[in-house]
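Okay, so here's the structure we're looking at.
The first chain written gets the first letter, and so on, giving A, B, C and D; residue counts start at 1 in each chain.
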Amino acid sequence: MEPITTIIKNATVATATELLHCDIGIRDGLIVSLGEVNDENAEVINAAGRLVTPGGVDAHCHMDQPSNDGSVMADDFETATISAACGGTTTVIPFALQMKGSSLDAAVKDYHQSAEGKAVVDYAFHMIVTDPSPDVLEKELPKLVSSGYSHFKIYMTYDDLKLNDYQILEVLALARREGALVMIHAENSDCIAWLTDKLEAAGKIQPQYHATSRPPVVEREATHRAISLAELVDVPVLIVHVSGSESMEQIRIAQNRGHKVFAETCPQYLFLTAKDLETPDFEGAKFVCSPPPRTPEDQEAVWRGLQTGIFQVFSSDHAPFRYADETGKAHAGKGAAFKYIPNGIPGIETRLPLLLSEGVLKGRLDIHKFVSLTSTEPAKLYGLFPRKGTIAPGSDADLVIWDTKTPFTLTNDRLHHNVDYTPYEGMNLTAWPEYVISRGEVVSKAGDFVSTVGRGRFLPSDKRKSGPSVGQWK
Amino acid sequence: MEPITTIIKNATVATATELLHCDIGIRDGLIVSLGEVNDENAEVINAAGRLVTPGGVDAHCHMDQPSNDGSVMADDFETATISAACGGTTTVIPFALQMKGSSLDAAVKDYHQSAEGKAVVDYAFHMIVTDPSPDVLEKELPKLVSSGYSHFKIYMTYDDLKLNDYQILEVLALARREGALVMIHAENSDCIAWLTDKLEAAGKIQPQYHATSRPPVVEREATHRAISLAELVDVPVLIVHVSGSESMEQIRIAQNRGHKVFAETCPQYLFLTAKDLETPDFEGAKFVCSPPPRTPEDQEAVWRGLQTGIFQVFSSDHAPFRYADETGKAHAGKGAAFKYIPNGIPGIETRLPLLLSEGVLKGRLDIHKFVSLTSTEPAKLYGLFPRKGTIAPGSDADLVIWDTKTPFTLTNDRLHHNVDYTPYEGMNLTAWPEYVISRGEVVSKAGDFVSTVGRGRFLPSDKRKSGPSVGQWK
Amino acid sequence: MEPITTIIKNATVATATELLHCDIGIRDGLIVSLGEVNDENAEVINAAGRLVTPGGVDAHCHMDQPSNDGSVMADDFETATISAACGGTTTVIPFALQMKGSSLDAAVKDYHQSAEGKAVVDYAFHMIVTDPSPDVLEKELPKLVSSGYSHFKIYMTYDDLKLNDYQILEVLALARREGALVMIHAENSDCIAWLTDKLEAAGKIQPQYHATSRPPVVEREATHRAISLAELVDVPVLIVHVSGSESMEQIRIAQNRGHKVFAETCPQYLFLTAKDLETPDFEGAKFVCSPPPRTPEDQEAVWRGLQTGIFQVFSSDHAPFRYADETGKAHAGKGAAFKYIPNGIPGIETRLPLLLSEGVLKGRLDIHKFVSLTSTEPAKLYGLFPRKGTIAPGSDADLVIWDTKTPFTLTNDRLHHNVDYTPYEGMNLTAWPEYVISRGEVVSKAGDFVSTVGRGRFLPSDKRKSGPSVGQWK
Amino acid sequence: MEPITTIIKNATVATATELLHCDIGIRDGLIVSLGEVNDENAEVINAAGRLVTPGGVDAHCHMDQPSNDGSVMADDFETATISAACGGTTTVIPFALQMKGSSLDAAVKDYHQSAEGKAVVDYAFHMIVTDPSPDVLEKELPKLVSSGYSHFKIYMTYDDLKLNDYQILEVLALARREGALVMIHAENSDCIAWLTDKLEAAGKIQPQYHATSRPPVVEREATHRAISLAELVDVPVLIVHVSGSESMEQIRIAQNRGHKVFAETCPQYLFLTAKDLETPDFEGAKFVCSPPPRTPEDQEAVWRGLQTGIFQVFSSDHAPFRYADETGKAHAGKGAAFKYIPNGIPGIETRLPLLLSEGVLKGRLDIHKFVSLTSTEPAKLYGLFPRKGTIAPGSDADLVIWDTKTPFTLTNDRLHHNVDYTPYEGMNLTAWPEYVISRGEVVSKAGDFVSTVGRGRFLPSDKRKSGPSVGQWK
């Protein structure tokens, strides 16, 4: 047996099932032993009294993504992944966006270029399919699915992204044939356009009308439609960023029928409401994302859904638009309609601390659900498990050693993203990573990035292990 | 570090979350290491190519339980636990039945006497509370809950067992105060009595009318009532042996509301139907249990409920009544009404092989759900986790090494219970334990019991870790 | 053709279906012609510009009912029916209460004696079955059902009234055999007793704790149980005085399954809330009834249920207990627990004006639903249709000519019951009967009783036309 | 008082509420008196022992409608309305179809020309809006709604008819502003196209694949979407030709929320199933309509929905395509795909006899529901009440006197449409109209048309009385 290189001593290890008091032995970036681990020559990190969880997997985050409307993402792979790492996330799955008329291969190549030499944690890609031409469906996608890109996202809204129902069926049928998993952004495009036109005509163009233009029924309709299309094709599907009770109800109904509908939610649906968009002086723009945050009752429903199993995935939907810049939210919208404000808010670094502090430490969510939602299940659904998503022999040594005893007030200057605000400014929390370890290497310590840029590696997804076949064993 | 005594080499370890390829190091009956484990002096069991799961926890099984009606349980702790062990179950939680007018302490003492020197695997007790007198509620139960008996069962039917709603509320309130978990047998007693009287008056007394006397609505009613009472008291509750879709629907509705309602089902609701009670020559009596098996549609619903999370526990409800004996089912009922047939069927040894073979190997259930339902969740709900219920450093070395490649036809002579039939006679299966290991000791090998009678130990339940607080961590 | 004696000229006649502008011709107390009606010798009542509805049928009202607890009903058949008449109700169906151990025949005879010579409008009786002995089930009830008493009420709560589930099944089976309709007071008796004991023990004995002792779940549980028992027997059933959304949901689920579950609600669930029981100086006692009024959200649900067809019947549940008297609510409860306050509030005179004014005139309820709920459907369900419940040739000339243009503030001194308060004191209304006509005779004019005591007649119910067979025609 | 011209003597008159034994007095085509009616000079029709119902209102029927695909409707207003009249229908509401690019005014004018001089019973028009241009929405529709065309139909499928969601919202918003009622054909167009393409590619082009190409989920999806859009605009909506349980469930959920969702079903969903499309020798084409007939379980659900109030309207959806003709179903489809078979089946004459015979006479539906569904509610929803839809003073004397005692076997030669088959060939029925009376004139007697072509009149709809405001009275 070769020697252990690093030992995490006396950890309180939480997985989706266990809460263990043990040591973790690491060699060559892998966990090789759990239990009593001793090696005189190994480096030892004392975790006595500390909670240790698997490194987070952020399965919904945008970085360095181009746009057609002049908006500019503030984070590239370097700043985004440093921010992720400092917040306890050691795997990110951003999007590789196909431009209409262009090939998917090209998109994938571009994003590899963007990531290489910059990313500080490991990464996979979801492809965004915007143009399911015969060539894409018959040639590119089957090949990509087999070579590590076994999940993709489609949109039911946004003019430059959306597919019609026929196209959605084509993509779902392809996913069924190839064993891939489709994620769907479910909002009814026509409803949003119609409401936006009516609001504009009535002079209602301030940020809060963003929420008015996308009421729950618009999301519920698209959710039911997406599920119906998946049911027609008989293929699993995952609904991203579910915002509240009406859509959740549709998802639960389908789950009860035995249809494999997976669902994701995000911090903004637990910690923000539509009221935040009314913040004066155009600062409401800081909370503009889609679907918009809803009501306190919806927040309660989302908390309940995390615990009762409606949701499998808790992601950030990090979309890094600056506020005060020339190309930022304040500029884009001011004097113009809410519809020009870039959609999306930052959150890649705060995702885990928020949920641990406000969920687990306050007794709303059990620790196993926390691990499952933020790491294990996304790793499983997207074909990265057991390499990522757990603390077990053979897995990558991606770990977070937590400080859960030091209260602090969250401010944006603590964060490492390249965005000039956090929507959670001023919240009082008690959880922050003390050490973040990626493949056995400490990348963040006491909130600071302590490793080297470009160390992150691409993670091919294993389609045999993703969504549809999760947990099948013979 | 002290030396390892036993190593399970190259196992395919399944837990509720993981599927690992690793070694398991054992010392003093405990798992001390997972991963690469080497020790020259250790005994090695080669598990290459074998699935290894945590030893089963059968949380609902009757043995050596007295009765008022002359029926006799064929299994005492010796035969029942040998049968359990040979089928892969290393923890049993039978019932300690309070006789009306008698104390709970007395019941607990009696059952300890029955178990000691006989049990071959470890055991805890559920108490059956039939007489919640002030003395029981105020003195006995609080003390018992604190000393390792933190879960109890109550009945809504059977004249000598049932509580009225006022008494149920008293027991639920006690459970809330003391942090205990209440299991409920939910069938409406008056409905059964009324239907039985009508059937008898009409001369419909054959075994199949047992099912007619307890239709789904009778179970649904009591399930809704049990949940309502628990909701009133604001305390978790667990509904045992749920038989089909109507009751499942009530449970799901409550779970969706966020109320902690747990549910158990059993092999008879997956593999038998009410048709089996029509087997001629009074052999229908072999399938008489309560609630009765239902329809093929209900079977489908129960399979779906296992996968979608309505159920947390899969138990045997082993109730060992012989068929052909003088005190057996054939005798008791013949020439008389179905109501005299002892209620219950055997199944402690077949529980795990049936579910693994027909569920996991046929692709209806994922391996993690299998582990969770048969071992992890019952251990958690009843305060035995992490000592039991998983494969992890620090846990008892309770393991099943499976043979999943040898097809066979199930016959009763393969089984070790003291019952003269199995309701699953003739089924073709492909899973049976090769080794069953309890606290590091091989107790069963290739289907034979190979250890010593009386080696089983009592497991006090830890109320802080049972039902209500599962997964809470701070 | 014999001559018409009275003509209502130019009426705006509302039925459950029509809104007609026509004359109504009356002879011998019957409507003989609708349309253009002319007879030189007839008395003419000019109804130009007036809404005319069928006289109300109050299918749930208590009068002259004895008690075991010393409480005294303030209204006998004289005062209660004068009050009914002045409020537009021309048919009452009070209860004939069987005393435990006593016969139903005796109860029926007693109530006939109480009514004869006193009632000023026509009446039928619901029997309250409290003691379903073999004699009652096999002899008395079949005979009574055939001779005009085809509907009865049973209780799931109140110690001196309640039946257990076995008895309920017996009564439901009798109803099925004989073609009768069973009304059920659905609250869980044990839950109420348990909560009351706990509240008392905590010193919470003020009137508002009456509501705390009977929360919605208590009513929901009993409603689901009542429906389940009726489903088992396969017989229609009617749930009385449904108070809010939780029970309504149970009823709707059963209705959707196709089971004939009928439902009644009352003014107290539209116009009062549990807050009213907090009125200081013990005046909360004025609002103590069972089930208690609920929340504003429940009020909305009940309004919606009236319109969407969950409810078929809108009754008063008039229970005339005085407040300030020695035997009244104030006295009974003061210094003692809420449990001594007689359950029930007055409302026989205000039922129709409240619903017409606040429902129809404010656009919450259409006029046809008003007629259907207050007159047509109760007449049909209880076998009095088409004699009562509509305006049609051949029907009794029971009519209300409304003043819907004069706003007024409701005060108790306007009312004719013998109760010293109205729970609706101070409400501003715009509907009150101008004329109330019973069998062609004006019995009330501009709010005053103008006829003779004792003119009311007994109405035998026709079982072939009640509940189960409503609308069957061949 | 002017003299009565016709008296229906001793009728058993059924309305949506009443079952009366009375005479009906008629003058100038109107009912002027109900009850005892005598006039020496009047013509008398003896209805002793006969059921008399209001003349049927067929609110969904196609006649003389052009097409783009070469299919030809076999019935013009003459043959269609004679067929209607002989089957007991005295009011028809066919469709005036706007051609894309053309004006609605033009469509309405065309259809008036088609009807005038031909129709033998009274008629209104639903407009089909296929091109909601600004001109149509802002000018034409508001004017048309105010002048007697207050309801229109839109399609979610068929390339030449369908609107997208934005357009649907525009039409719904117009309906809300103007007080009109929108009917929606709810099937997902893309799903049908996609399934049709896949079926064709697999060579599955026989008639039965028409049903495969439009499974229940396709209708359920569009139903939920239509309701969601109506909910967004907050306006009532009516879903036409609902085929089974999945869509019904969506409708009931919305109705329970209090949203005004009305629903229609048709004979084909009670009496046919998808199996009928498998009739050999291409005769399955005779049953091709959209949505397709479903399963026996769906039939049961539809029967239940008629009784429980999910449905308000029972129409024929008469679409008169011949089978054997050159332009007929057999020709259009043979050798080609099912998609070329004209969608729709005949049924204008059989609608009422089928429902009366199989529903009312067999005890599945009460007589009042029959009247309500086939006459009263469609008249109310489409603004024709009380002129049409009931038997009451002041209403048109549109009556059916039934023979419900003579059994017969239905064959197409009994029918008066210009279609060469009936899908109900060979059914054994016991109800057929003896007399059909339209505005006081006998138009059909013993199954023969006995009046003059062209006597039918246009009925302007009164928008104040249609859908949204049904039953509002102040």
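The rule is simple: a residue touches a chain if its C-beta (ideal position, glycine included) is under 8 Å from a C-beta of that chain, and two chains touch if they have at least 3 such contacts.
Keep in mind that this is a model prediction, so the values were computed, not measured.
Counting steps between touching chains, the shortest path from chain B to chain C takes 1. Hopping across touching chains, the smallest step count from chain B to chain D is 2.
Chain centres here are Cα averages; for chain C and chain D they lie 39 Å apart. Mean C-alpha positions place chain A and chain C at a centre distance of 58 Å. Look at where the CA atoms of chain A average out and do the same for chain D: the two points lie 51 Å apart. In chain B, no position touches at least two other chains. Here the chains touching each other pair up as A-B, A-D, B-C, C-D. By the touch rule above, chain A contacts chain D in their complex via residues 164-166, 169-170, 188-191, 193-195, 215, 217-218, 220-221, 224-225, 228-229, 231-232. Interface residues of chain C, counted against chain D in their complex, comprise 1, 14-22, 25, 31-38, 51, 252, 255-256, 258, 304, 307-309, 360-361, 363, 366-369, 372, 376, 386, 390, 392-394, 470-474.
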